[in-house]
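Read through the structures below before going on.
The two complexes that follow have subunit A in common; it is paired with subunit B in the first and with subunit C in the second.
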Partner chain A sequence: MHLSPDGLIRLTVDQLLSTPLEHLVSGVDPEAHVVPAACGTQTSLSGYTEWISTRDPTISIGWDWRLQTLACGVRWVRVGLPRSNLMLTQDTGADSSWHGNLEILGTIVDALAWREILPQVVAARYA
Partner chain B sequence: MNTWQGDLLGMADTACTVGEVFEKITHASLALGFEFCAYGLRLPTPISNPRTMMLSNYPLAWQTRYASQGYLAVDPTVAHGRHSQSPLVWSQVAFAATPELWDESQSFGLRYGWAQSSLDAVGVGGMLSLARSSDALSESELATQEVKMRWLVNISHLALSRLFVSELVKESQPDLTSREIEVLKWTADGKSSSEIADLLSISENTVNFHIKNSVAKLRTANRTAAVVRAAMLGLLN
Partner chain C sequence: MNIVTGTPADLSVEIMAGVAHYRHRVFVEKLGWQLRCENALEYDQFDRDDTVYVVAHNAEHEVVGTARLLPTTRPYLLDEVFPQLLHGMAPPHSPDVWELSRFAAVDFSERGSSALAQFSSPIAVGLLQASLECAARHGAKRFITVSPLGVERLLRIAGFRAHRLAPPMIVDGNPVFACSIGCETHGAPTAARELALC
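Take a look at the complex of A and B:
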């Protein structure tokens, strides 16, 4: 794992899945606070989060999320593609396309335990 | 040499059968240290009896026993997966309410296991179980391997749900017009045809025309079933 001259860190999916990532920061979108509350109105909550590696060079992956209301409760879902300084390489060693890179990163983001910790993190920050 | 991750990602670019996808999942499970794996997929419709699909390389005798005893209905890992997408490590405690299921699965070599469910935007639920006959899952193994196992859950769900759901979504998604969706949304909110007509400044006959078309396009029996199906397919979001 090294920082390339173009500013991107190149590594394989296996290397990324083997790299410990930890939560750096999360926040709630400010728009959520200005929506006037009304009786019977469904709560809308969205925000962002960023996770980083604990080793140098620092990998950064950030993404947006929203709280989705289901009949059986709520769940936290990723919105759109992540943002990152990573370029995932294929088994051949070639770069993925940038969009393909972000799509694969999305599947890895969905495998991180961010849904488990986000409720506590957000609650602690805005308590 | 291709990695198991590369093999799984390659499924997105090639037309695979269900059998080919499951073979790759089995290969990935083995690479993660589990000789057994099973994947269950549950489609959101029909509501009264959702379609389910099970893939497994468990011993055939155990698959038969599991089905004949109706263990799916009482399996605590399945129950956990229905309300939580956090992983569950198999344990005697987790199976406390079904000791016969625990004892029997142990006798078939399914001694140590891990399971996680997934749920996508169109309401398709899935669950991957990984199991082996020896070596309990340690804290250190989970610390280094669990992200890979969770990723396998996601990729498996994406690949298999695409195969099963594409037809389901294709049946209805492209055909509904924005007006039909709008009318269905108001119907979902409990509005009558005449109320929707007032809200949209169109005639009641036109509202009923849109509802009738939606019912036909969604292949449902009536407006209530059409609203439920459209909602579960995520068309009303």
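Take a look at the complex of A and C:
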């Protein structure tokens, strides 16, 4: 893992998976509104969440989320690809493609416990 | 929309006064930033003889967008005022890297729009593209900015390649971050969005 002159931290997927990430801050979009997202579903809330590593150089990953209201309850959904200061490298040391990099980060952040934290964030917003 | 670029020596006194007044309307009156101003004109220590400005006018010759470009080889906002946003990383000092600041694209002649809705994007995206091209002519390969966190989302939606340089921090109650934007050529914008950079 190293910080490059372009400001990106370059590391392998294995190095990222072995790096603990913790919640930094989350927020609810100021103009939350109801928009039909698909047949039978509605979007009622959206926002962002930010996570960081506790080691230097500090990894930063953020992404958007949306709360889907379904007939059987609610579901927290990641919206779009993450935003980050990371560039994942291949075994050869070469950079991944930028889009591929973000796709992999998306699958990694989906495994984090962000869906357990967001209800508290939303509750605080509307308390 | 007509866009002009240059240093104060390249632009007329009227254009420079219009930029300072426009920045006061956007950043002080609309966004409420606590900036030192005189006579409803906003400028600071980074408005120098070598500062490059990008100014957009509408058909009525009113200012509808501004941007300020600073080489990182001289004092600039991120280095001097917000170095904490780099989380210990050394601020860049390179002719390849320029800072984009005081970016705004609000058309005050548009009626019925809120202040935030007026950061609309045919102007914002055009102004940002013009700023990138202008900086590239000065040798820049990328911009750095101090931005509200939401700008990162909007840059992506508008089709710009950008990434954060470090985690966001809360400043005056709002998350802000240091952003890097590539100066490579971009395609047509994909959506109308709001943009405002410090």
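Rule of thumb we're sticking to: the second predicted complex is superposed on the first by the 114 of 127 C-alpha atoms of A that agree within 3 Å, B and C clash if a C-alpha of one lies under 4 Å from a C-alpha of the other, contacts with A are read in each partner's own complex, and residues count from 1 in each chain.
Here is the rule we go by: a residue touches a chain if its C-beta (ideal position, glycine included) is under 8 Å from a C-beta of that chain, and two chains touch if they have at least 3 such contacts.
Keep in mind it's a predicted model, so treat the numbers as computed, not measured.
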### Message
With the two structures overlaid on subunit A, would subunit B and subunit C clash, or do they fit side by side?
### Response
fit
### Message
Once chain A of both complexes is superposed, is A:Thr12 in touch with subunit B (first), subunit C (second), both, or neither?
### Response
first
### Query
Who does A:Ser60 touch here: subunit B (first), subunit C (second), both, or neither?
second
### Query
Which of the two partners, first being subunit B and second being subunit C, lies in contact with A:Leu3: first, second, both, or neither?
second
### Query
Of the two partner chains, subunit B (first) and subunit C (second), which one does A:Arg115 touch, if any: first, second, both, or neither?
first
### Task
Could you look at A:Ile104 and tell me whether it touches subunit B, subunit C, both or neither (first, second, both, neither)?
first
### Per-pair minimum CA distance [subunit C against subunit B, superposed on A] in Å
20
#### Entry: Intersection of the subunit A residues that touch subunit B with those that touch subunit C
none
### Task
Spell out the part of subunit A that touches subunit C in their complex, as residue ranges.
3, 5-8, 24-25, 27, 48, 50, 52, 56-58, 60, 62, 64, 80, 83-85, 98
### Task
Name, in rising order, each residue of subunit C that touches subunit A in their complex.
87-89, 92, 142, 149-150, 152-153, 156, 161, 163-168, 170, 175, 178, 180
### Complex contact set, residues of subunit B against subunit A
1-3, 5-6, 9, 83, 85-86, 119, 121, 144, 147-148, 150-151, 153-155, 158
## Note on the structure
Within their complex, subunit A touches subunit B through residues 12-14, 17-18, 72-73, 75, 77, 90-91, 104, 107-108, 110-113, 115-116
